[in-house]
Structure formats: structure tokens, C-alpha cells
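Order of writing sets the chain letters: A, B, C and D. Residues in each chain are counted from 1.
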Amino acid sequence: MKVGVVGAAGYAGEAIVKLLLGHPEVELAAVTSRTQMGQRLARVMPALRGSDRGLVFSASDPAALAASDIPLFFLALPHGAAAEFARVLVPAGKRVIDLSADFRIADLAAYEAYYGPHHAPELLPVARYVLPELTAPAWKTEAKLVAAPGCYPTSILVPLVPLLQAGIVTREHIVVNSLSGVSGAGRKVDEAYLYVERAESAKAYGLTKHRHLAEIEEQLALLTGTRTIIQFNPHLAPMRIGIATTITVPGVPGATIEQVYAAWGRVYGKSPFVQLLPTGETPDTAHVVGTNRVDMSAAYDPRTGNFILTSAEDNLIKGTAGQAIQIMNLWYGFPETMGLL
Amino acid sequence: MKVGVVGAAGYAGEAIVKLLLGHPEVELAAVTSRTQMGQRLARVMPALRGSDRGLVFSASDPAALAASDIPLFFLALPHGAAAEFARVLVPAGKRVIDLSADFRIADLAAYEAYYGPHHAPELLPVARYVLPELTAPAWKTEAKLVAAPGCYPTSILVPLVPLLQAGIVTREHIVVNSLSGVSGAGRKVDEAYLYVERAESAKAYGLTKHRHLAEIEEQLALLTGTRTIIQFNPHLAPMRIGIATTITVPGVPGATIEQVYAAWGRVYGKSPFVQLLPTGETPDTAHVVGTNRVDMSAAYDPRTGNFILTSAEDNLIKGTAGQAIQIMNLWYGFPETMGLL
Amino acid sequence: MKVGVVGAAGYAGEAIVKLLLGHPEVELAAVTSRTQMGQRLARVMPALRGSDRGLVFSASDPAALAASDIPLFFLALPHGAAAEFARVLVPAGKRVIDLSADFRIADLAAYEAYYGPHHAPELLPVARYVLPELTAPAWKTEAKLVAAPGCYPTSILVPLVPLLQAGIVTREHIVVNSLSGVSGAGRKVDEAYLYVERAESAKAYGLTKHRHLAEIEEQLALLTGTRTIIQFNPHLAPMRIGIATTITVPGVPGATIEQVYAAWGRVYGKSPFVQLLPTGETPDTAHVVGTNRVDMSAAYDPRTGNFILTSAEDNLIKGTAGQAIQIMNLWYGFPETMGLL
Amino acid sequence: MKVGVVGAAGYAGEAIVKLLLGHPEVELAAVTSRTQMGQRLARVMPALRGSDRGLVFSASDPAALAASDIPLFFLALPHGAAAEFARVLVPAGKRVIDLSADFRIADLAAYEAYYGPHHAPELLPVARYVLPELTAPAWKTEAKLVAAPGCYPTSILVPLVPLLQAGIVTREHIVVNSLSGVSGAGRKVDEAYLYVERAESAKAYGLTKHRHLAEIEEQLALLTGTRTIIQFNPHLAPMRIGIATTITVPGVPGATIEQVYAAWGRVYGKSPFVQLLPTGETPDTAHVVGTNRVDMSAAYDPRTGNFILTSAEDNLIKGTAGQAIQIMNLWYGFPETMGLL
């Protein structure tokens, strides 16, 4: 099956190109970039020297892509730009998996509060947000356009949602702290992301107003049936890749750690990409880098009555590109782990 | 004034030796180490080549130190071992500033629950826990032995205590997440602390039962008058030095960010080592490394009613050795910043 | 085809296990470890959670392995220990690919000068050193035991040998400087390899007497027909993985950069794992990590008459485990890149 | 004594400002920056919070500085810009210590070959290149303008020059490999210096044509009396600070390692900032960071007849700002180590 990647010159684009080149059922038929048009892939992504199959970046032209024989496109574009492509590709009958925020939020007002005017609101009804482990499978037939979840939201929703669904934890006083590697900011050429500034440096940022909040809280409401407000404190840590998330959430009276693991087991028992670590052992970003996994664990603190949920993922794989491949596999009926294990 | 450092071969010991060598009012008259006895300082601490003044590690012999003409000792020993020295030095009339946990907890039962049997409980009445910015000044005359605070507790108590004292925040649902550099574990030769294991790795550890909890909660009770339980989630981040702490604490109804800064201003307005950053700007460990500062900031989240307090410090300076020097300066009437700015 | 890995608990063992689990033509039938016997693989290698196929470490018992139906073993053992296994496995008709130094040096005296007594000198006649891009193909039928090259030697021999063979460079005044990531030292629990000691630290080590010298110089003699002495200066750099090698070698009078690339092109034109970068562009370890490639480049300095050859590789893949897979592929007639691209 | 720093917003400027703030004999009377004019120092250099003495960046106006009562200026400007200031300040009777390349090269043609047109060639006769440990002391009275050496040249000249002067080593086949931390590139906002690009990455760069070559070779000629060509291979290593240099140089027949140390001892026996490590021990950048030292060592390889000289320094202190302070101390008769130990 032919696939295309639009806007492939960033870190997420590079990650999805690498995965697609190794996927046995797809042919990477188009890779576009506004800035790198005409360049060999390996010229821009030196990690692909010898394995880029001679591919050359083509122009990012929505009409030309719509006229091609490629049935599926991945959009690895900034928000705003993704909608501009989707509004041409979807009406042309193409399936689209979008890695940007443009279709992650069903509530238009919430989107626009964080991101500004939406460029393709007419597509929201046919767009589906798909976190494969949690989204009900009807999306496979309903969606014309899939929004792949953000990296922080994946690391938060996977551990938290089953416990809210099971009624084991409260909906108040939920505090989420996440540490992200620097690639989370994308290939942004800014003094703040220079090696000398970030090495040996840890800091909180984006407190009280990170854009991923809209996505997380909408999904919490949709997946658990009740509006739930969280405190989300993101941090930068001096590493290239990885997100470690720590969620502090009060248990309902009488809730036990066994109930937590039982609720997780019910939802993720057959998930190839969620690994449950025993209480007392905590996930480590270094162990998931390069994989499509979420490793997670829980501890109960009898002093406070809180559960502490910890998760780790590769922000560019399970947090972005790998999850998009997983979505494609499910959408097209390939084995879920194909190209990902 | 002559001073001695006992157990100087670890990271904390090295930090205090460096600071004492640059302090204009003291003479480093003894540096002891059980394992490095007879070695030149610079041999064990190559950063001191050319500036170790020819000093040689002497034996760690409590009786010999008690018989010396040195009036003040810094103990840079593991817990347990520190008490063994203190019980000889204090009765001999020496002043002691202890960097270990042995005298940080006035409640013997609480100490023993976390650390096992105490080796010098008879000294607890003459020991004082001194966090210079918060501890009432009576310690200067009462103490024979001063416990310098732990690194995590300093980063937590400094931002939190004034707000509890001012009644601006609640005592419930306080969640503290801290990121520590690897030197926080000491010079421990263990697979977990190898470069290859820790580089590019972030993870939570010691959840629900970190030893610093006893110290933090006892100080919260003593300094604010009321027992206060917190959730403390420590993490390792891939950096050598630094602690970044993020505290989520619900405000009391009507509390404002201006009140937070006002409360901080009242307590720290004249403190040379506490820097208040405006809301919206967050402290960065890289900016405090090598200094005795705590940089801190606060944000208010109207969606949750929480205040987010962030702090950053050098765990080996303000978190350990620098704070001990600051205590010495205050105890002996030297300018508070001497040898530290 | 069944294969076994002996001594899999180190970094090299982990790397080869990962590659074998993804290789379509082999079944990983035995993974042994003296220290981890009875443990699930993923318990010891958390990166394999969910993908270790339920494998458990078995005992490292040469006799039991010799009696098994496994035809091929990879030895990921310290030198000395590898020979002890080989001397049992080879007479039992097993093929062996050894990652240690035990059979890299044909000259027994040279081996013993660097490594001490050899434990299986009787196998030297049936052992072959195989650097796939350079070793003549007769090894495929002659060998009963293959020694996979060391990580430094691979990074040096690949760029240097074709130029010596072509007579473009001199055999004198060859200076090799290499930078290695810390994993090059193995999973050695030693103060020198702690995160705090190695982060932000660069230094030369092992000057004038590194063990890889014997291997490098023997291969230079065998592959180019003439004894050639080099200066080899290894360094540690603060990274987990990767070797960057820079070779300064005088050109013979009249030699040109075009001749260098032509010589390389003749030898490596069809090699899937050697990538030639144009002069002026230099290889970067970050671009080869996770691959079985050697990226390399050359520059000519008219001021000195020297060529500067630079190479980069992943010390655990092309430098160890990937090269061993490549050897297996060639030995058994699988496509050379199988499981490696 | 009042001093000024011109162009203080880069890494070198920040380093010199920090050192001057701690120097007991000087008052930092002006700190200028074209881009940061009007800002508090601590706003631009957060490490100086609480210790910037309220200083504010002033405009970079040569005429105003020339009219001030400040007798000494440090120029921390790009090459070219430095000359523009020097040509105003020096005729006004100010002393200038320039950290740029503008006055490091006495040979105008050599300068212009690497850097383009010189903006103040009329000052070359009154400019002196001062590497304090090697430059003859006449500069103290002759110079109106001092060029502080570059970071790479310092790390190369200090170990090499005494051996050439003593005739122990040859002038041919000298190969210098250096590893630099990323701050060596300055605060340059370029994709190549992003955290994600440089972390876990080592590579050679600038081969055969690095600008420091002109400076190194001119000094080798001036200090040793004979033109000497070297091979200089610089590399980037994933660390913020530090230069590790490894020099391979053939010994003259009969030369011994004892002669090397004796030659070094004669030149550096009383130098507070050069530390000689015994052969077999190698300097480590981590041990010199934050100091004004060069640590160095030598090994002899009887197989090749080469000496291997290794040095380590902090590129921003001994390689730039600390050396400038050392020059000021010597020029004004302050103790050489004042403000530096």
C-alpha cells in the first residue's frame, strides 16, 4: 500500500519516515517538505544514509497529493498548516492521519482558545481522536481523518483513564507532573534549545496554560463521562527523548492498589504496547526509547490516601510517530504491532 | 579560626572543602577520611590541584579530633557514622555542623522508623535544625550541634513554609515533585548510577517512603504550628547537579498570587540567598549551580485554584555544603555571605 | 535456525539479543548468564519488556550447550571465559561467533603479551578473524570459529586498509585518535564510570598500550602485506554510545583526495554498511547510532601533505553485535543486511 | 581600579563579568552590549541573580567609553568588531585586553587570509599577544593593547612549546587532536548547536582550515624560532565546557620522558596555573572546569618513538576570560592568581 508523509523534515516526520521504511506492508511513495524539496532524504536525515531507498523530498502541494494514487497520508506539520492539507486531501477521498493538534479537539471553541482560528472546521465531524488503547473501535469505520494524540496526553491518559472509569480515584486534586526530553519542542532553532542552555538544566515551563490541557481534559470528559480538571506541570529535562509522567490522584475511600492493577489489567491485558510494572518498581524513559510502549506503575501512599501513577514513553514513537503507525495498522487491518516490534 | 572536615572524600565533603579553602576567615586545619588517609587532597579531588595548600587526609579518629585545638567540625559522613563522632566531639566542647540526617529529626521515634537505631540520642536536646532563612535565631546561642538541612527539604521548605504561615494555602492535597541530579545519591558505586544507565534517563524513585519525608514534615509542623502531610515524589534527571522542585498546593478561597509574593517578600526580603522570580518565569537548575541560592517563582491556576511553586538550587551547595558554611557564618558572626558570593 | 547467546547480561549481549529477536531467519533458543540464570530476559533488559518472547536466562554450562540441538553460538563473554566455552563447543561441531578478544589475534605470543595465557590455543588454526568488508571470503568455508572484530579496530581498519593496499599513503607517522562512548567499557561497576564522573568530561586513556593495538596491527600486516605501526590514542567522551575515529596519515607524493575516494569506492562500492561522505563533510556518531554502518570521509591538507580520515560507528552494533549478525548472515547465506536494516 | 567589559552578552563576556565581580582590586564600572542595553545584568545572566550589584548594560559606544574615566577595557566582541573599538580606545590612552582574534596575529596577511580585511592594522605595532606562561615579560611595558590567546591555541602551545624550545621533539609530523565542549562555538543560535543535535554526538569539524591555525603556527615560530607546521584536527564533544587536547609528536633520537618533564618543569615550575600530572595519568576536562588551570601529562611510546602530550582546560576560563584576568593581574602588578583561585 502506498503512503505519503507531508512535512517530513522535523523530528516527528523523520521518526515516521524511519518507521514506514521498515514496515513490510507499505511503500513510502511520497515524502514532502517545503524547505527540503529536491533533496535526497538521507541528505536531510543522515541517519538514513544507505536506507532511504533513493527517495527525494517532493513539494508540499496539496492539489498534487490529492491527485496522486496514494490512499493514505500522514501529516507531520505544525498546527494550522495541517488543516490546510486536510481540507484538500479528505474531500479527494484520501485517508489522513494527522500528527498535529488541528483535529485533536472536537470542541471548536476550546481549540480556538488555545490555537487561534481553525482552518478546516468543516472536517471536525469526520475527524476522530484515536488513542488506540482507549478509543472505542467504531472510529475504524467512522473516521475519514484521524488525529493522533499528543505526546503528553498519551502519557497521562493511558494510566489515568481506567482508574477514573473504574471509580477508584477521585476527580479532584489530580496533579500531573511530566518531564520531557528536548525533542518535545521540535527542531526549533531558538536560544532556549541550544545545547549549552539545556544540558545539565531542569526546569518547569508552560505552567497553568500548556496547550495539551485542552486535549487532555476533553478526552477525560469523553472517555470517563465526566468533566475533570487537572493540574498539569510540564518540565524540560536534559535528555533528547522521552517523557516521564507522575500523576498524584487521591483514591476513593477503601480503594486499593490491587484494584488499580485490576482496572489496568482489564483495559490493557491484551495491549502489546502497555507494560505494567509491579508497585515499587518505576518506569524509566531509557527503557522505552525506540519503542512504541508505555511502561507504567502505581504506588499507594497510606499517609495521604493518594495513588502515585508513573509512566514512561518515547515522545517521538508512542507519543507521535509510532502511535500513528499503530493507528494505520488498526485502520487497515494489519497486525497491530507490524513495523513496531 | 581553625575548622575540620570529617569524612571529606564524598561529593558533599569535597564541596565543603572547596568552600572552606576560599573562605577568608577560616583555616582548614584537618580533613579526615577513613579510606583516603595519608593522601594529598588534590590526589582524591583533582579539581583542587594547585589549590589544596598541601593538605593531607588524616585519620578519622574522634578522640584525636576531640583533643585538637580545632573548635568547629563539619561532619560529612553517612547517617549513623555522624552520630558516633558527634557523641565524642560535643562533650569535648567542640561545635559541630552535621551534614547527615542524624540530628535533623528531633522526634527519636520518627528518626528510628526511617533510619534505624540512633547512636547518640543523648545529644538531641542540644542539637538544632537550622535552615538559616526560616529557623528562629535563638539557635545561635542554644545549639551545641547544628543539623544542616537536607537538599530536598531545603528546596521544599523555603517556598512552602511562608505560605502556610500566612494562611494563604491549605494543608491538604499538597503535592511535591522534585527532580534531582545524580550527585544527590552521593559517590555510590552502584550499577544504577553508571553513566550508561543514567544518561538520557528520567524516572521517579523512592515513592511514598523517601527518608527526607520525616524531616520535611517535622519542620512543617514546627515552623507552621500544625501537622501537615505532603505527597513527595522524587525523580532522577540526567544531570550531575541541581534540584528542581514543583509544589502544587491549593490556595485558600480568595488567595491571590500577590499575597504569595508578599508573604515571600516579608520572610525573604533581606535574604541574600533567596531570589524571587516574577510569575510566569520559572527557575532553572543551570542558573543556580555553583551558588548558594534558591531561585523561586509562583503561578496561580484559576482553573484549579492551585498555586504552583517552583524552586531550583544546587543540591551540593545550598542543599548541603554552602548552607553549612552559611550556618557557620551566622554562628560565628561572620557576614552571612562570606565565602559564598 | 536455532541460535544461542552465551553471557548475554552485558551491553554487547543485550545488543545481540535485541538484533536476534528481530531477525526473521533465526530462533533465539538459548540465552545464558552465570549471574542472571532463571530470570526472564526482560527483567534484566527492561528495554525488552513485551518483546522478549518469554525467554529465561539459562545456566552457562558448556557441556549442556554442546549437547543441545543449537548449531550456532554467539559468545558475549570476557576474554579468557570465551575460550573456555569455545574449547567445548567447537569440538562438539558447533559454529561459534566470538565477540571477545580470545581469537582475534592469530599470533599467540602477541595475544599473551596483552591478555595473559590463552585458554584454547589449539583452536587458533580453525579460527578466522572476519571483518566482513575486508576479509577474503575463504573464511566462510575454512572457519569453525569466527572472531568478530573489536569496536576500535573496525573504525580504524575500514578507512585505513584500502589506502595502504592502494599505496596512496605511507606506513609511517600514522596517528589514530578515537573518541568512545562510555558503553565501550562494558557494564563495569567502577567509580570511574559513574554518571557524575563521566558527564561533562573528556579525557585520553590507555595511551601507548591499549589492548586493541595487537589486533589492529596484526590485521594491518595481514591485510596489507606489510608490518605497520600506528599511534593509537583512545579517549572517553560523555556519551553512551558511538566511536568517532580520526586518522592522520601522510600521503605518498602526488597522492590526491580523488585517489582516496576511488580506492574506497573499489573496496566498498557494493558494501551496504559503509557510507562515504564527500570531503568537507564529517561523520557524526549521532547519525550512526542504532545502525550497522561505518560513515566515513577524507580531507587532504596541502600544508602538511596529510590525509585526515574520519569515521563514525555504533560501538555496540557495527563495533560488536551487528557485525556478528552480519557475519552470521554471510556464513549461512542469508542476505547480508537481514535483521540489520 | 575601574574596568569595563565591551560586548558582554556572549559566553565569554559572561565569564569575564563573573570573574571581575569577584576580583578584590577592580570595580566593574561599565558593561556594554548592543543587544541588551538597558537590561539588568542578572536579567541576561541569570546565574548572577543577587550578585550583579545592580549593574545595567550600557550602550556599546566607543566614543563614550573613550571619554570615561575607566583605564582598562576588556573586549568580548566578534573579530572585526573588536578592532573597531580598539581603534578608538587605544588612541584615547585606554589599555585594552582583547578576547577576539583581531590582534592575535602579527602578520597582517596571515590575519586577512583567515578573517578578511583588518579594521585597525595601525594598532598591530602596539599590540602584544600574551600567553602569560610563555610570552617574554617585556610586553608589560611595551603593550598598549593585549591580545588574549584563543582557547585551542592555549591548550596546544602550553604543552608543546617548551619541548620544541628544548629540542626534544621534531618539528615534523606533529598531529594535534582537540575535543571541545559546545560553548566553544559561542552563543550561536544555529540548528547545529541545538541540544538534540549535539547530545550524544561526537564529530570532527573544520579539518585542515581552522582559523586558530594561523595563531598557533605564528606563535610556534615566534616562541621557538623556527617555522613549524602542524596538523590540527578539532572535534566537538557532547559537553558544555572544556577542551582536551592530545598532541602526537615524534621525539628526537634518544629523547626521554624525563627530559619532557624536566623541560616543562623549567618553564612551569613556578606557574600557579599549570599542573603536571605524572606519566600514565591523563588530564580530564571535568577536573579543570571552573579553574584557570591547564592540567597536562606526557607519555612516551617506544614502539613509535612518539611522545603523546595531553592537556585539559576550561575553554571559557583559561581559554578566554580567566587568562584575560591573569593578564590584567600581571599588567597592573596584582598577584597573578588574584580573583582566579
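Quick note on the criterion: contacts are C-beta pairs under 8 Å (C-beta built on N, C-alpha and C of every residue); 3 or more make two chains touch, one makes a residue touch a chain.
From a predicted model like this one, the values you see are computed outputs, not experimental measurements.
**Q** Chains shared as neighbours by chain B and chain C?
**A** A, D
**Q** Quick one: point me to the chain whose Cα centre is farthest from that of chain B.
**A** Farthest from chain B by mean C-alpha position: C.
**Q** Comparing the two chain pairs, does B-D have more C-beta contacts than A-B, or is it the other way round?
**A** A-B
**Q** Roughly how far is chain A from chain B, centre to centre by C-alpha average, rounded to an integer in Å?
**A** Comparing mean C-alpha positions, chain B is 39 Å from chain A.
**Q** Where the CA atoms of chain A average out and where those of chain D average out, how many Å apart are those spots?
**A** Whole-Å distance between the two chain centres: 47.
**Q** Whole-Å distance, chain B centre to chain D centre, using C-alpha means?
**A** Averaging C-alpha atoms per chain gives centres 37 Å apart.
**Q** Can you pull out the residues of chain B that are in contact with at least two other chains?
**A** 197, 199-200, 238-240, 284, 286, 289 - these are the residues of chain B that touch more than one other chain.
**Q** Provide the residue numbers of chain D that touch chain B in the complex, in ascending order.
**A** On the chain D side, the touching residues are 22, 46-47, 49-51, 199-200, 272-273, 275, 284, 286-291, 293, 295, 341.
**Q** Residues of chain C touching chain D in their complex?
**A** Result: residues 173, 175, 177, 179, 181, 197, 199-205, 207-208, 229-231, 233, 235, 237-242, 244, 246, 248, 250, 282-286, 289, 299-301, 303-304, 306, 308, 310, 312 of chain C touch chain D.
**Q** Along chain A, where are the residues that touch chain D in the complex?
**A** Touch list, chain A to chain D: 11, 182-183, 187-191, 193-200, 238-240.
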